[in-house]
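Take a look at these structures.
In the two complexes that follow, chain A is the common piece, with chain B as its partner first and chain C second.
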Partner chain A sequence: MIIPFELNGKAVYIDSNPGERLVHILRKNFKLLESKESCLTGRCGSCMVLVGDNPVPSCIVPVFQVRNMSIVTIEGFRETDDYDDIIKGFAAAGVTMCGFCNAGKILIAHTILTSDTRATKDIVKGHFSGNMCRCTDLESLIEGVLQSGNIRRKRQNVK
Partner chain B sequence: MTGTFVTDIEFPEQNFGVLIRSSIQRGRLVDIKQPVLPDGYFMYTATDIPGENKLSAMGTTIPIFAAYDIQYFGEPLGIIVGPDLDIVHELVSEVLIESETLEPLAFGEKFASSQILGKRIITHGDPEAFLSNSSRVFESTSDIGPQDHHYAEPLGTIVRFNKEKLDIHTATQWPFHVRSTVSAVLDLDPEEITVTPTSLGESMDGKLWYPSLLSAQASLAAVLSKQPVKLCFSRQEDFLFSGKSAPVQIRYRTSIAEDGSIDAMSVRILINSGSSGPLIDEIIDRMAVSATGFYAIKAWRVEVFALKTNLPPMGVLLGWGEAQTFFALETHIAQILSDIGASPVEWKILNLIDKGHLTITGSELTENLRFPELFNIVCSESDFPRKHTAYELLNKKRTGYHDGPLRGIAVAIGYQGNGFLGKTYENSAYSVEITIETDGQVHIKTGFHSSAMQQILKKITAEKLGIEEHMISFTGINTDIMSSTGPDTLSSKIIILAPLVDKCCSTIQKQRFRQPLPITVKKTYKSPKNDDWNATALKGKPFISITPAACVIELEMDPILYNTTIRGIWIASDPGKIYNKNAAATTLRKTIPVALSKLLAEHIISKEGRLAPSDSVQYEILSPDVISSMSVSFLDSDETPRGLGSIALNLIPAAYAAALAQITGKQICSIPLDPRYIYEILEITEKSE
Partner chain C sequence: MLNKYTTIYHAASVSEVQMILKNITGVSIVAGCTEIARRQTGRTLQLPANVLALAQVPELSTMSKTERYLEFGPCVTLGNILQIGKKNIPEVLYEAVRTIGNPGIRSIATLGGNIAAKGQRLSAFAPLLALDAQLEIRTAFDAFWIPMSRYFSNTGREQHKNAEFISRIRIPTETWDISNYTRISRSGIISGTTAGFAFLAKSQKNILSDIRIAYAGKFFFRKREFENLMIGRSLPLSEKDIIILMDKAELFFDKTLYPPSYERKCLFNLLEESLKMLT
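Entry: the complex of A and B
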């Protein structure tokens, strides 16, 4: 089946079994290796991508579902100013990540900030319940998102 | 921010490998019938191994492929490799295995001497004389189940020939063990093998020896098929067949004197090592030396047996057995104190040993353990004395569980042993080489690889040299370049590498504006001349250092649903000199949800040799957002830095269980705390009231 979609801002298509997991397609066909393959059940968050503006674990998305949709992987997101906000915020809060879970943590942080750059600690906390990597602590992560929010507001001149 | 993970590496013309596994728990292999293999697909078994068909690690060996004896369900019998992974899986499912079944070995109080893989007995005085003559003898038995490491990336390896050398990339904590294992299995000179450790993520000490087994299996196939081989487990395969933390049963018998001091303690620890226990020597010894904690005891007997059964090889999780013994010891002590009506903090301060006293291994403590200061912090922050007394009164006056509020608070103490000297330590050597280039970039060369440790070393270097962290990189990390080291665990490395990096940076700073760049400084660790350490007799000082800690947990239980919520966690420890307080706090804080998850959620049982749940997705992990409040404190100190990575695992389960015991009036002595188990305790107690 021919499946067209937009990947990191470029129109692409693949000829694939429609039931193939999106994470396999991203890694095998497009060599986008920072979407990691781990649990294959959608609970660890390592394969997170943005489908439209929503963070989705790409391991549980059959590729036919992204037909004509826009997908941003962490590689694509890295080219944006929004990514810089998060990295600076995480660094300020002392967040260190192992590299395997970056896609999940960064894209979830982005989703929170897109919704509200002044998100409260409780809201931030709830969003990370689906990220199972044990490489950093939740408290630093929450602080990292709050710091990122400050940076994004400054960049966007939001008071 | 990302390193290279083994699943990300691909080589041209690589084959994929899938293991052929036994379908019985115990028996004899009669025949393996190879399916018709398409061109380019190959199958290899034990008979194809040119060297030794075994992996050796700290006193135990396990076969690379079972040749005759099948010792657990899922044991590797061979490997099929080929260019299409799906076809390889199909071929593996078509392999016919003929075997004879034998009765599996059981785990329990009664066992045959042939089941003993290792044992250790330490005695002092005559504990039985106290125990048989005392009217105040307390007994408890704790059962702690197997648990998965649940690291981010499942196990994997990729092997190829590169410039006449066997080039292995794998996520391992022990690259030199990979090299020595592959060398022995393939009968190759170690110099013909290069092992490059890939990114580990948080390994939880689950990638110590298993990557050596996988690498040996993949290397055999790569050498014989003359093509690169990638052998990576799926999450499901990793969950079902990789080593877990060994299940243990720990029985304490303690006699208490009239003045409340401990007359005698008898401890019996049974470790279910599975089919074989790589690292079992160290687990046994670390459990033995931690079995009595730092309590002052007149006479003791500690016996530890590691027993062979027909489960997959069982290993270590963070703490190497200390977490299990501290859980059993502290819940046992909490029960005693509740029964004799003693105040936990006052009693512990009175009955702990300190500077000048002898430890269980006969060494004299040369420094204050600072437990009173640790108690002071956690007690004042948590308001422990008042709450403990109040909850004790409330719980005693209560007419039933529906007569709330149901609250409990408990304190547990323990330590993390850093740099266990054991039997293998003498072979370990560590060095750090730091170069500052003309453009200000700094390169660090060590034998170490974990990202957590790299972050710590980066922070020290950045701070000492006054540069940004992004200017620092790690180089030359493979077995051709790095010095031969033992297994890499965070606790043993922080006490060695952090001071070495510190010294390198100090030397660079002295030379920096006097000599032209680049400047390279190398410092090598010299193992302590521990003349009074006898690994065979387990006499002397077993660790390079220890990190003492205290923990208070407060719980509240819903009187209708019996759900327990954590009102607060307070931990204080003495980690020596702290280079970066945030990093130290993060190291401790990130393991608190792990400890709670191990205690409350992560449940594995064995059903006829097969681990259940049978699907990794059913292995429950506690979400970190269940903790509402936690406080982490450190004592100020200029002592050498000490590890913090397993403090939470060593203390939190015991404190939690003791707080729950205060609510229920029943000793909680099993991990994980199955909700059904708690429900049964409460229902039985309710009915009896």
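Entry: the complex of A and C
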């Protein structure tokens, strides 16, 4: 089955089994290896991508569902200023980035900051319930998002 | 079940969905596909031979609010429901949706999928049952409204036929003095014992004016006759009242239909706890 979609700003298509998981397609066909295949149940967040503007675990999305949709992976997101804000904020808070669930941590942080750069600790904590990170504690992660919010507000000249 | 023979039909409108249902026999309808993904662990998801994808039908992803009703299309995602905010949807539904999956899963899982999932009834079922929600069902030829309780039989057996789909979910927007949702088993994860219990009550001048009790898991329970027994009682309820009501609940919850089990025990415990909220 031929499935057209937009991947990191480029129109692409694949000829694939419609039941194949999106994470598998991204890794195998497009060599985007930062989305990791891990739990395959949508619980760990290491395969996170942005579908539309929503962070979605790509392991639970059969590829036929992304027909004509826009997908941004962490590799595509890295080209944006928003990425830099998050990385700086995480560095300031001492968030460890071993690399396994970076896609989840960064894209979830981006979603929180897109809706509100002054999100409360509870809101941030709630969003990270879909991300299992073994190398950073939740408190540092929350602090990282709050710091990233400050950096983004400064960049956008928002008081 | 071999994907090499799977045909995916992408509908763009409700009339196209109906046309596909009319022309293709044995088509399986999917929205967010989270239920299919949840049940499989392989690298490739095994899909039925004919799949009709509803997720990209704009008419099925709309939300609207009137003075008396809240209406959701079946493809409204659970994340979108939470975004409306606690003040704008019934609290019991908000709390139930909040316990489903995680934000990532909620951004693709749909309300229609939560209602129509095969096997056990999922988290949104009990609150919708308690709120007297109505479902608009469309077949290839017509459309009609049914109450939630008629979508499945009480013992969980599926009553609907394959060639039909939910096209709207209508929820009355009443205000309740007590609104409580309890999820049995861990939130975010569906297991064999996962179930939901919704309890709603309102009073006028210390008289219980309306009460709703619904349970949904492997089976579901909502008995208007049982609720009517309580309506009109003066509040607060006494301990004696609760004992009498619990005895009467045994009669309504027939042991031949629902044999003693963990779920039955859970329902009675939750019912007793809820009635204590009225003391």
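Convention: the second predicted complex is superposed on the first by the 159 of 159 C-alpha atoms of A that agree within 3 Å, B and C clash if a C-alpha of one lies under 4 Å from a C-alpha of the other, contacts with A are read in each partner's own complex, and residues count from 1 in each chain.
Going forward, a residue touches a chain if its C-beta (ideal position, glycine included) is under 8 Å from a C-beta of that chain, and two chains touch if they have at least 3 such contacts.
The structure presented is a predicted model; accordingly, all values stated were derived computationally and were not measured.
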item: Joint occupancy of chain A by chain B and chain C, clash or fit; value: fit
item: Partner chain in contact with A:61 - chain B first, chain C second, else both or neither; value: second
item: Which superposed partner A:126 touches (first chain B, second chain C, both, neither); value: both
item: First (chain B), second (chain C), both or neither touched by A:19; value: second
item: Degrees between the directions from chain A toward chain B and toward chain C, using C-alpha centres, nearest 10; value: 90
item: Partner chain in contact with A:41 - chain B first, chain C second, else both or neither; value: both
item: Where chain B and chain C come nearest after superposition, their Cα distance in Å; value: 7
item: Overlap of chain C and chain B interfaces on chain A (superposed complexes); value: 37, 40-41, 43, 126, 129-130
item: Of chain A, residues touching chain B in the complex; value: 33-34, 36-41, 43-44, 46, 87, 94, 96-102, 125-126, 128-130, 132-140
item: List of chain B residues in touch with chain A within their complex; value: 1-3, 5, 7-8, 150, 152-154, 199-202, 204, 234-236, 451-452, 455, 582-583, 586, 589-594, 616-617, 621, 623-625, 627, 630
item: Complex contacts: residues of chain A adjacent to chain C; value: 1, 17-21, 24, 37, 40-43, 45, 48, 51, 54-57, 59-62, 64-65, 67-68, 108, 111, 126-127, 129-130
item: Chain A partner contacts - residues on chain C that touch it in the complex; value: 3-4, 6, 8, 10, 32-34, 36-38, 41, 43-47, 51, 53, 55-56, 79, 101-105, 107-108, 188-189
